[in-house]
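The structures come next, written out as structure tokens.
In what comes next, chain A is part of two complexes: it sits with chain B in the first one and with chain C in the second one.
This part shows the complex of A and B:
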């Protein structure tokens, strides 16, 4: 994050806001899946959006993957696109947990539901803390066969300049389930975020 | 006499939020810890009356701290302030002897009513 000139205090502030938002999202997911979710501190990083395909290429190269993207819009120029990435192998485990058949058409519906729960709960939690409110566009699901996820990511992320990468790893009680969440944001948003963080920091 | 209080959270912002949410009438002497191991080192060496404890932390998490407090019979009140708000987590925390479980970001009224309930303010 230092490349974008975030101070240590700004980074700490953003991390804590994200932790609280993650906690809300995990609670919702746990209720939806009727299980307990082991929460880990998500690692965050701000990178150029053009680096996103390369960042995820290795992890998703030899696997079927799916990507769910959803746009968000708020006040004070807060806007962007949230992407959740899944390895289909992981998604199948969740389908089984929820009683779906593997390869069922409704598995895509399930992924859309889970992504919506994750992104909207997470982003609403984030918005509450910075006294903003967000609206969302309808989620879009793109699935990929082995190896072509990076081209999907490239076409999704090329409109944007920056990306806030939030590595989420969910460990369910009896199942391991990992997904990645990426928030794509326009260039001026970084300055907006820093201004908001400074305003929060001033209060303490 | 001022109450020795320990605020344990890996986030500086969170530690400040707790401090700021406390009433002015709360007569305390504050110390802070950035993870569970630091907290235990302080708890083993000094008498601490009240701990504000985060759960998700590096090195040793809040559950680990609560387990050690219980195992070593360390005498202190613990109020957990957590971003992990799952009911199952609250249950575990209360079973390990915490006084209360508060969601982040900390709600001032809730915190005050708990402190009042236990005669700490």
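This part shows the complex of A and C:
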């Protein structure tokens, strides 16, 4: 942990940046989706690769969850993966949210669309504040079958030991729709983020 | 040194389509890839609406996507896996691919440029035809594999493992909905003699011929499988004992009257059949029903072959007396 340990200043700075990004995202999303978007104060943590599967497992133990992944990368070695998790019982609410006609798009397309919107809106806000700009991979549904989530994650061999994990809950009030977004910034990219944070702190 | 001059030749060489439209969906630019594939000239379509130039576009859907790009200043994506293509373009493998149009991955990216007063969107079109073709091969192979996994290699009826699985499910269904269910087990009479007389190829031939002939006599819902060697089973959902005996009698008689021509010789065969009906209170496992049908089959053999015997409730051992 020592290499990736965050100082208190760094942590506060990151928390502040994320809070502002969330505010921006929630405002934009509310206008785009015509509904109030409630985002809970995110939790930030450094996690070990070995803990990731168990964590997902505990969280979605008895529900059918879909998992959509989208990679992002920017300047100065900022990179990571955003994972959006839905409980499948929520999925049908998305089409109304996005203004699609019933039968117009497949469930998978709705999931990737809403994920991409939630992820990129938030991350663009984050990138703006650290004077960066991000590119994104196309979103992909990784799993939508009950129970195979943790086995999928277990079968993934991580090439990093620790990752910075940012956990955000989205709640759309009108549609009683909610989902979780988890940003994972793995390995070397964490050090790069720290370097950026230090630079911001110096500017104050 | 500025590298700005590079963008133009690279855009022309790029093996992806680039289309730039504004917030009113008017075309500002398209690169050579799009020009060639769609047989268009930029000079002819510049300033025209994207939806006029490409009349086949899913307009409402695409507008919604493009709107999100503008409103949120974020990219939007479309994958060939959900929507095979957005733009109806021919692809570069007309000979080796079965799809008519280029499968596409499309990205719609917000373009922030100081040189344009209007907000612009860049639509990137990547040819995913190869991935599409591989996926099709894979799906086809998986279907075949699944079929092979259910089928008996020789006779093409269900294999034992799959047939037993189906039996378990059918029993479960019958018990749940209180429907009758019957089972026929049958065995080729004197198969060893057939093998001795016509060789193993002759024996196999008879199994193949009879399996296919009997399949043609069954309903779609009946499940016909090879239980082992020359023994077969038929699951008859929604059928009581009387109905099942009737089916068995018909098959037994038809088989006896069915000549098979092998190496210029006519082979005649007969079968012995045992029929049992699922008794919900006694048959708790699928093995129980099989055991009862097997008992009846044994009786049919003992009774002189080429006949049908049914299992009678309460029977616990094989009939001792041979008729």
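The rule is simple: the second predicted complex is superposed on the first by the 169 of 204 C-alpha atoms of A that agree within 3 Å, B and C clash if a C-alpha of one lies under 4 Å from a C-alpha of the other, contacts with A are read in each partner's own complex, and residues count from 1 in each chain.
Throughout what follows, a residue touches a chain if its C-beta (ideal position, glycine included) is under 8 Å from a C-beta of that chain, and two chains touch if they have at least 3 such contacts.
Given the structure is predicted, the values throughout are model-derived calculations rather than measurements.
By the touch criterion defined above, A:98 lies against chain C but remains apart from chain B after alignment on the C-alpha atoms of chain A. In the superposition on chain A, A:189 contacts neither chain B nor chain C. Contacts of A:26 after superposition: chain B is touched, whereas chain C is not reached. Look at A:37: by the touch rule set out above, it reaches chain B but stays clear of chain C. Looking at the shared chain after the overlay, A:13 reaches chain B, while chain C stays out of its contact range. In the superposition on chain A, contact of A:129 is made with chain B only, not with chain C. Of all residues in chain A, those touching chain B in their complex are 9, 12-13, 15-16, 19-20, 22-24, 26-27, 30, 36-37, 39-41, 129, 200-201, 203-204. Interface residues of chain B, counted against chain A in their complex, comprise 10-14, 16-17, 20, 56-58, 82-86, 88-89, 103-105.
If you check the complex, the residues on chain A that touch chain C are 28-29, 31-32, 98-101, 104-106, 108-109, 112-113, 116-117, 120-121, 124, 136, 138-140.
Listed in rising order, the residues of chain C touching chain A in the complex are 60-61, 64-65, 68, 71-79, 81-83, 105, 107.
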